[in-house]
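Look at the two complexes coming up: chain A is in both, with chain B in one and chain C in the other.
Then we have the complex of A and B:
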């Protein structure tokens, strides 16, 4: 799931300074689950901005959509959006962009920083586990991502900097390759650590468009329309 | 805001009870519950009950007797080598997954009774002594005292002096004291034997303990409370204990023939796993009950799950057996005849808004929330109506029927609007601060004119939005008054409230808003004067 964090209020205020009527748009998916931008957070931000002397005089309202990364849900705002002179999106970067695309005449600002793809450890506690590298090696690494969790992002390891359980960069930084070693050994497939993963082609980080297998023709047909 | 509280709804529950642990309290509970007409399944999971009765040989007879009765009872089925693997569903209608020698078995049950045992851990290391013929643990001595051969060994021919050391490695409890005193008396009864008890503290806070202590001393047991921990050592094969005697006011050396060391009493090894499986709170030692004064003696944080005997705390065998009656009463109260009435004032989920983020599931202190068909589901039977889930839900998808967001908002508007000056809005937990406020009124204590109260079921129900909305609606100051930590009926409601308020104060500061206009305090219902002081202080502060 995508994890986001609310931006500091002064930064948000600097975006909306000078606008008179602003709609805070919550998103009811990832950012709601990670407690950064669901309807409660949207309501809280609205109240904070209303209270703040810096934004006194402006009017803030809130509305939460199912998902901001789907045009169909954004269309629910079509009529309402025109009433505002700025939109403050609490969605991840993807949602903010689609919202800005849908309502391109109105300034759209982000209210959260999109941090990572992570897991939920407990209420309000998340850990980054995936960096969307596009070349998943988890099959070879016992389900522990070396790109994300090795401080050096090494596809092959461990390196000479392992202090058994921790990394040379800091005693508090666990060595991901040590964890990989331990888990592979426990599963009796330690030989897999010897398999060399080729260097990732990081050129794949250019803006990616993903079309699932079997949907190529459908996508082309849609693009032609 | 109480229109739903009086409405009752009827629910059907399963009238089968699962008892975990086949020791004194487990078997005694099973018998009492079966007497009430319920089907009982007993698993002999956890420590074998010898632990409970090792220091009291009479208890072995009691245990055997209970076991025989259980085996003969038509409503009790006793499973050996079985353990609870998983518990799903809701209070009153749990689905238990049991691991048996023969495989797994699924079972519908209405209530669970925990009756695990405990472990006795000898503290040789603490005294820097190694176990041997002349250095025993209290458990070792108790075993010797059960037969003539053992007693002869203690006497060691012509008689012996035995020194008991207790309460220096472990704080101790009445059970530890009882074990020491009973054993010391048994030693003293042996011909030509002398018992010394060197204790940090003699814990007599249980039935009959003061009497036992007096009897022991009258019988000739010498009890000494040394100043500081005594030093025990073996020098040239001779035992020596040196300590400072506060009565003689001098250092004393004692050379007993045998030293008997205390044991610390630890929870059953199974407790930790059961705690996770059952999602119940344990105390800091790992016993399956927290010291919440709002609960009945055998209650846990989950409705329909009861902690009996030594699963809940260190108890004497008599106390452990006595819990059975309480358990049976509570089970009866809970399951009735299979249909129960539940108050309507509970939390409900708006399925359309729920994004199944699990926040409510993780926050609910009563284990009343699970998920079904991809939505959070709150059991009306298990829900205690504290509203913590409603305050935490990131999608405002949970409403507490008598305190909906809408009702809270209009209460805020109403209260803020009625004061002439900027009002002081106090959110008061109904279990403490609200009572304190009422008493302050009745006592005629001076309170600010512009003080307005909003009663909430628990401080944990107070939402960040409620506070911010109070300010945006024009409140001059907001007070959040919660029960004291550790005295919250909902276990963590006060804690959650204090965390939230600290976060809002930070946010208010960042906004350039005077964060001192938001005050959090812990109050008990018998603190009306403090209530008056807090509100007056705040009033004088914000008028400047």
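Then we have the complex of A and C:
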């Protein structure tokens, strides 16, 4: 899922300064699970802004949608949005953008920093696991992403900086390539990293549009009608 | 001959090679750089010119390599994967070769968090092994990484680094094999202090036939003080300094510690000279360039052969 962290209050206040009626829009999916922008966090932010002398005089209300990265759910706000002179989105960057597109006449501001695609290690503890490189190599690397979890994104690691089992950047950061080595060795599959992994085909360097076969079938069926 | 560099000719003639290292200045202080180079002149076969070493901005390695060349010391142009993508790397390789630089060392590079611009975006478009393969392709097949043809291929004697000491130890020899099959003609190792491990690693390299395919230059850095040894032991990632070395330095006493450091280095060099599979020494006398002539002399590396 997408992991995000709420922005500091002063930064959020700098966005909404001068607006009189602001709707804080929570998102009920990823950012709710990672405790950054769900309905509870939207209410907390609304209260903080209401009580802060810095934003005194302005009205803050909150509403949480199921998903902000989907027009279908955004349409629920169509009537209500017009009552506000700014929207503060607590969704990930994708949700903020779709909200801003749907209500393009109203200023939309982000209330969270979108961090990464990650996993839930425990409530409140998340770990980045994927950078959406577009050419997944997990089959080669024992299910451990070298692009994300190796600080240098090496395809033929480990580098010379490993600190026993940690990465050179920090003792608390496990070396991804050490883990890859150990897991492959345990599975008796080291052979596959004996081969040189060639230079990667970076497919995340231009905006991507993904069209699944289902979409094509549906649109061509519609055309035929 | 792959590039015809002096280092290549020395190794090809079967001489025991001796390389040094210079770090470019944090500015345009060419005088300081020339001063460092002057100590290496005539005492080493080639000098590594570091590339934004420890992720700190310095005068660029190809520019400093050029100054090295003008000053009469053959450069070994270092290139890290942290600061350039494959376009910039290939452009600099062509540029370096066009100016007569004939050796290069391909490295991943220290992570940028260690340096003076920790907020920088690390590039790491390709890794050091992919860089080796790219340079080899450019030199031997006149082909860019993309496959496109090169109008006059660059001439480079290609080097790689190896750290025999970092974990997982059993994997290190295979990584060395990968570097050699990617294109490394010579290898320079991390500073050696643990001779037992170094012996074991060289033996593994011999057993796998790797020392026949590439020349192994063992890294030596004389310790200047107990503090330096402690720092290397605890702070430098991937470095292994046995307690015995620290004890020896401490027992030498404050006055004699640098002398003891040089003594240890000379003993190591002596042992490597006689070790089958070792083709030379890479001396990294960090900010101690002025002691290189003395160390070279005492280690019996002088005079350097003319080839």
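Convention: the second predicted complex is superposed on the first by the 204 of 225 C-alpha atoms of A that agree within 3 Å, B and C clash if a C-alpha of one lies under 4 Å from a C-alpha of the other, contacts with A are read in each partner's own complex, and residues count from 1 in each chain.
Everything below uses one rule, namely that a contact is a pair of C-beta atoms (placed from the backbone, for glycine too) under 8 Å apart; a residue touches a chain by one contact, two chains touch by 3 or more.
The shown structure was predicted, so the numbers you read here are calculated from the model rather than taken from an experiment.
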| item | value |
| --- | --- |
| Clash or fit, chain B versus chain C on superposed chain A | fit |
| Touched partner set for A:47, first chain B, second chain C, both or neither | first |
| Touched partner set for A:210, first chain B, second chain C, both or neither | neither |
| Contacts of A:196 with chain B and chain C, given as first, second, both or neither | second |
| Contacts of A:10 with chain B and chain C, given as first, second, both or neither | first |
| Which superposed partner A:157 touches (first chain B, second chain C, both, neither) | second |
| Partner chain in contact with A:56 - chain B first, chain C second, else both or neither | neither |
| First (chain B), second (chain C), both or neither touched by A:35 | first |
| First, second, both or neither for A:122, with chain B first and chain C second | first |
| Which of chain B and chain C A:221 touches, first, second, both or neither | neither |
| Minimum C-alpha spacing, chains overlaid - chain B and chain C, in Å | 25 |
| Chain C-contacting residues of chain A that also contact chain B | none |
| Contact set on chain B toward chain A in their complex | 353, 355, 357-359, 362-363, 392-396, 463-465, 468-469, 471-472, 507-508, 510-513 |
| Footprint of chain C on chain A - complex, ascending | 151-165, 168-169, 178, 181-182, 190, 194, 196-200, 202 |
| Interface residues, chain C side, partner chain A - complex | 81-82, 86, 108-111, 113-114, 122, 124-130, 133-134, 145, 161-163, 166-168, 171, 174-175, 177-178, 181-182, 190, 237-238 |
| Residues of chain A touching chain B in the complex | 8-10, 28-29, 32-35, 38-41, 43-44, 47-48, 50-54, 64, 120, 122-123 |
